[in-house]
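Two complexes, one shared chain (chain A), two partners (chain B, chain C).
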Partner chain A sequence: MKLKNLEFLGPVFIIAGLLVSRYLFPNKITFFTEISIYTIYVMGNNILMGYMGYTSFGQPFYLSCGAYSAAIYLAYIGGNVFVAIFVAFLVGLLLSFILGPSLMRLKGSYFTLINASLCAIGVFMFERLLIDITNGNDGLWYRSNMHKTPLLDIRMPQNYFFFILIVLLAALYLYRKIDRSALGTVLKAASTNPRKMRFLGYNVFRIRWMAFTISVVFSTIAGALYSVNFGFVNPSLGENSRAIEVLLATLIGGIGTVYGPFFGALGFLGMKDFVSSFLSRWEFVVGIMTLIVLFKFNRGLWGMIQDAGSFLADTGRKFKNNSVKTAEK
Partner chain B sequence: METWFTAVIYGLSTSGILFLVSLALSIGYGLMRIVNMEAMLYYSFGAYVTYSIVSMTGSFILGAIGATVIGGILGFVVETTLLRKVYHRNMMFTMVVTFSVFMIGIGVIQFIYGLDPKPLASPTSAIIRFMNVQIPLYRLIIIGLAVVAYILIQLLMNKTITGKALRAGIENRENVEGLGVNINRIFTTTFVIASAFAGLGGALNAPLVMVGPYMGFDMLLTAFITVILGGLGSIKGTMVAALILGQVVSVGGTIWAPLAFVGPFIVMFITILIRPTGLYGVKGTAFGFND
Partner chain C sequence: MNQGNKLLNVEKLNVCYGKLAVVFDVSVNINAGEVVFLVGRNGAGKTTLLRTIAGFLQPASGEIEFNGKNLNKTGAYKTARMGLKYIHQDKQVFGDLTIRENLELSSYATKDYDWDPVFKMFPKLNTIIERKAGNLSGGEKQMLLIAMAMIGKPALVMLDEPTEGLAPHVIKDLAAIFKEISRTTTLFIVEQNLPLIASIADRVYCMKEGKVVNEITTREQISSMHFEQYL
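Showing the complex of A and B:
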């Protein structure tokens, strides 16, 4: 009863946890910023993977589209960071408007591979085709072009961290809202039995398109946040080989859950950071860890936390009942 | 004119390697309904084994045989220990599981051989002159071996009882099992043959590219495109797609260098949007793509 009321505060707990850890480990601040941005990126993927059952190998494409649109705005047009992020949002809408109709009609692994090819085409576009604008592999630098923002000068890493936390809080509440709304339920239902949903009168295609739009917008905004964070982008952000990272993060966190993306980002990036600090070959350990998570804890880290929570609650209840009984005796 | 002819021959040899490498993926993907991302491990292990054997004994033929054997053994181990556990799971799960195995394999390679790419000299530098065009003999050997592999696989699938049982098992697994055929053993046999070919592909490609831990990564998407373009479950389709892609890479790369990299993706993009089942794909629910 009490726990149910507190559930509403979940995102606040996450933000508070990040804030506390930022002061406990002051030299890890970039790591926490990265976790927060990555959470938004994983959320975008989780909508596709957890709610719609679509696996995409092309998430880096949407990420790099967002990053490059913000970067090109900052490098050539203006210096306002908020406008840059808004530009990335608009690009996300445009992308899903153009690509959505054809992509949402594809099924299963065709969707996966078309996205993979989009990803390769994206790298090609940013590396070769638009070389006059993006400087190819040298990357685009624009940190000096960014203007000072009112109230909070987010050019400073410590201030940017707070800005990211605010964005993350908003994203988490929006995401929680989607999960609780009819949209989330319909999406999950449509991924199990689309024919039945159609029979019930839902326009499955339009709903999927809507969810795809949300997913792409999450990814592009995460890309814009990345590019503002680093002050520099290069095409390696959108490489095919990075597509699997976000899938792993989603799975590690637990697919189709509200707080899964955060724990996935935390688990994956933490593991990578931890392993690469004393072993240069992180692939081996990450691969084994993923296998363990997949076979033993297939509900992910958040599922494990939920299980642990319900186990504690059960034992607590039993203990309480027992003590009541002994008192009665 | 000579440039184009050379480009076509080089393209054919690329097709040969693509076909050998994609076979494991094609059989795993089309016939067993599993997305086998770690199929490229046989390819990279094959290349590395060839490198070791060549630097120890100096004989490339021994190296290629060793790579084929290692590919087969790896295929056997992976199929019997891992893939059987995931056949009935959904596609996304198998994708991520096999990809984790792929990453572990890359880690093992880095552990044994280190991160630096290893160069490997071409086993024969002989050049054949044909109508004023110089063609390296090695490229022709690759083409020949790929043709032999294709004929062998086709004979296996169409002429032997194993191949017939396999094709029947794809259609309806329960019925074939009911007839008393051990379908697991047949799947394993086919899979081992396909992985041995992937190992051979790695050995043959080793002198043409740098042998590095991430070479499987680079090949993975191209091999995937080959399988998807050809249509799932069709060996003939895989062969035709490999032929097309080899020419796209080679001739396209001669026209405009960046096409060698992005050409295959564009070809696949257009093909899937026009004809979602691929060139020789079978339409229907058999392959799990019905929504």
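Showing the complex of A and C:
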């Protein structure tokens, strides 16, 4: 079987890698859970940035809306974690329904900056306007309200890790399906030549809105998964300064690819975790390393892995051909 | 195709870019089954007229009717869905996608997945179907654009200077292809290539300074390139 034919097993390899890592480094289980959730968050941004060519500084806003919707449900309404995640999914749909029509008519820096202002609005909303519900900067705690879930009690970190892996596996296969389907081709084409798409009969605005919806829903679900993981949420999750992190992770992984978000999350959080263990200003080193990756390997980590794979395949083929020739002689 | 039926009717069309008027009281009729050319010097308003009919520009006044439906406020994508396709002169394809993916895009939009007629017309496209469209020559890109437009069996295809920048042998091939297409689809072409026009045109509209100044309808006048004075 050729390596290319094994590509459909990519999500399984990623999950297997995380599983093995969890047993190799048992005290890093929270870190691996965070990578898995962050991958879903980066996937959302990658739809906008990699497929549609939109740079959004508003992703933390969508993330915090998902996190707060799940948190508010868990703190005041019910204790079912799955319902909390579903609430975040609905909030994602609602946000894209309200914001999408106006945001997706914007171009370039207008889109970027208006999204950035959404972060400021979000922080103000969760910190001040809704202080009676969110407890402002003190944050909202609700872990004790979370009910035990059947089969797997996901309130326990070790069980939550397995639950997140299942969610990530589903998300990766869904993402792969989108990329390989008509929708994936349409999204990419609409970003490169919208005029030509109209000539073919496509409603480009609707395509953009659809991409925005997928992006927001991925972000709000990631937010809900975060809030369940920590049992706590505070307004800093949606701060403007965090917008750059998800953009960097997307670039580091390789934009517009299926597996780039995972390697972006792994690369970014890995660098952050490693550097911050011996340097308080980890941003400096992470910034320099990001520049190196982007200038030297502008297709990101996934691009590097693909190039390495092609190189190994070519070398193997040449070696095989040479062996056959030598045997013939 | 109901030969002879009025397919496109443009009446007293005026188009402006802001306050600058570019097309003045233009009236054009195209019947089903015809191959109609539009000629004129650079800046005569030919491309503006086509872009307005295709829905990329809004007319200041006048009427555009296609198959009996008013197109004045119909957006470009809706016009395309109604069976009126427009091929720009820029020959831009989706360069990062393969020929197959480019054709698929057209199929998704029109729900027409029958590529046989297109491959019959352009067999070469089938042989290089996995090639990235960005690596094609100018002639191949034009073939791909026509192929994409033909998927979904449109009633009318408008082409803006399809032979511009192409080698003579490619132009010859295109002339044969236009003849083939015209058996099933009406063509409205902006063109500067005199021999091509003379060989396949049924009628020729001549534009000058934003107005249609002449309509050439007889075969003798077309063959003798009577429209040359407007180029």
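Following the convention adopted for this analysis, the second predicted complex is superposed on the first by the 328 of 329 C-alpha atoms of A that agree within 3 Å, B and C clash if a C-alpha of one lies under 4 Å from a C-alpha of the other, contacts with A are read in each partner's own complex, and residues count from 1 in each chain.
Convention: a residue touches a chain if its C-beta (ideal position, glycine included) is under 8 Å from a C-beta of that chain, and two chains touch if they have at least 3 such contacts.
A quick note: this is a predicted structure, and the numbers were derived from the prediction, not measured.
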Touching partner for A:Q158 - first (chain B), second (chain C), both, neither: neither
Contacts of A:I288 with chain B and chain C, given as first, second, both or neither: first
Partner chain(s) touched by A:A116 [first = chain B, second = chain C, both, neither]: first
Contacts of A:I244 with chain B and chain C, given as first, second, both or neither: first
Contacts of A:L106 with chain B and chain C, given as first, second, both or neither: first
Which of chain B and chain C A:S310 touches, first, second, both or neither: neither
Touched partner set for A:T30, first chain B, second chain C, both or neither: neither
First (chain B), second (chain C), both or neither touched by A:K196: second
Dominant toucher of chain A (residue count), chain B or chain C: B
Partner chain(s) touched by A:N321 [first = chain B, second = chain C, both, neither]: neither
On chain A, the residue positions that both chain B and chain C contact, one per complex: 195
Residue ranges of chain A touching chain C (in the complex, touch as defined): 182, 185-186, 188-189, 192-193, 195-204
Chain B-touching residues of chain A, taken from the complex the two chains share: 49, 53, 55, 102, 106-110, 112-114, 116-118, 120-121, 124, 128, 194-195, 240-241, 244, 247-248, 251, 280-281, 283-288, 290-291, 294-295
Of all residues in chain B, those that touch chain A in their complex: 35, 91-93, 95-97, 99-104, 106-108, 110-111, 115, 214, 217, 221, 224-225, 228, 258, 261-262, 265-266, 268-269, 272-273, 276, 288-291
Of all residues in chain C, those that touch chain A in their complex: 54-56, 75-78, 80-81, 85-88, 92-97, 101, 104-106, 108-110, 148-149, 152
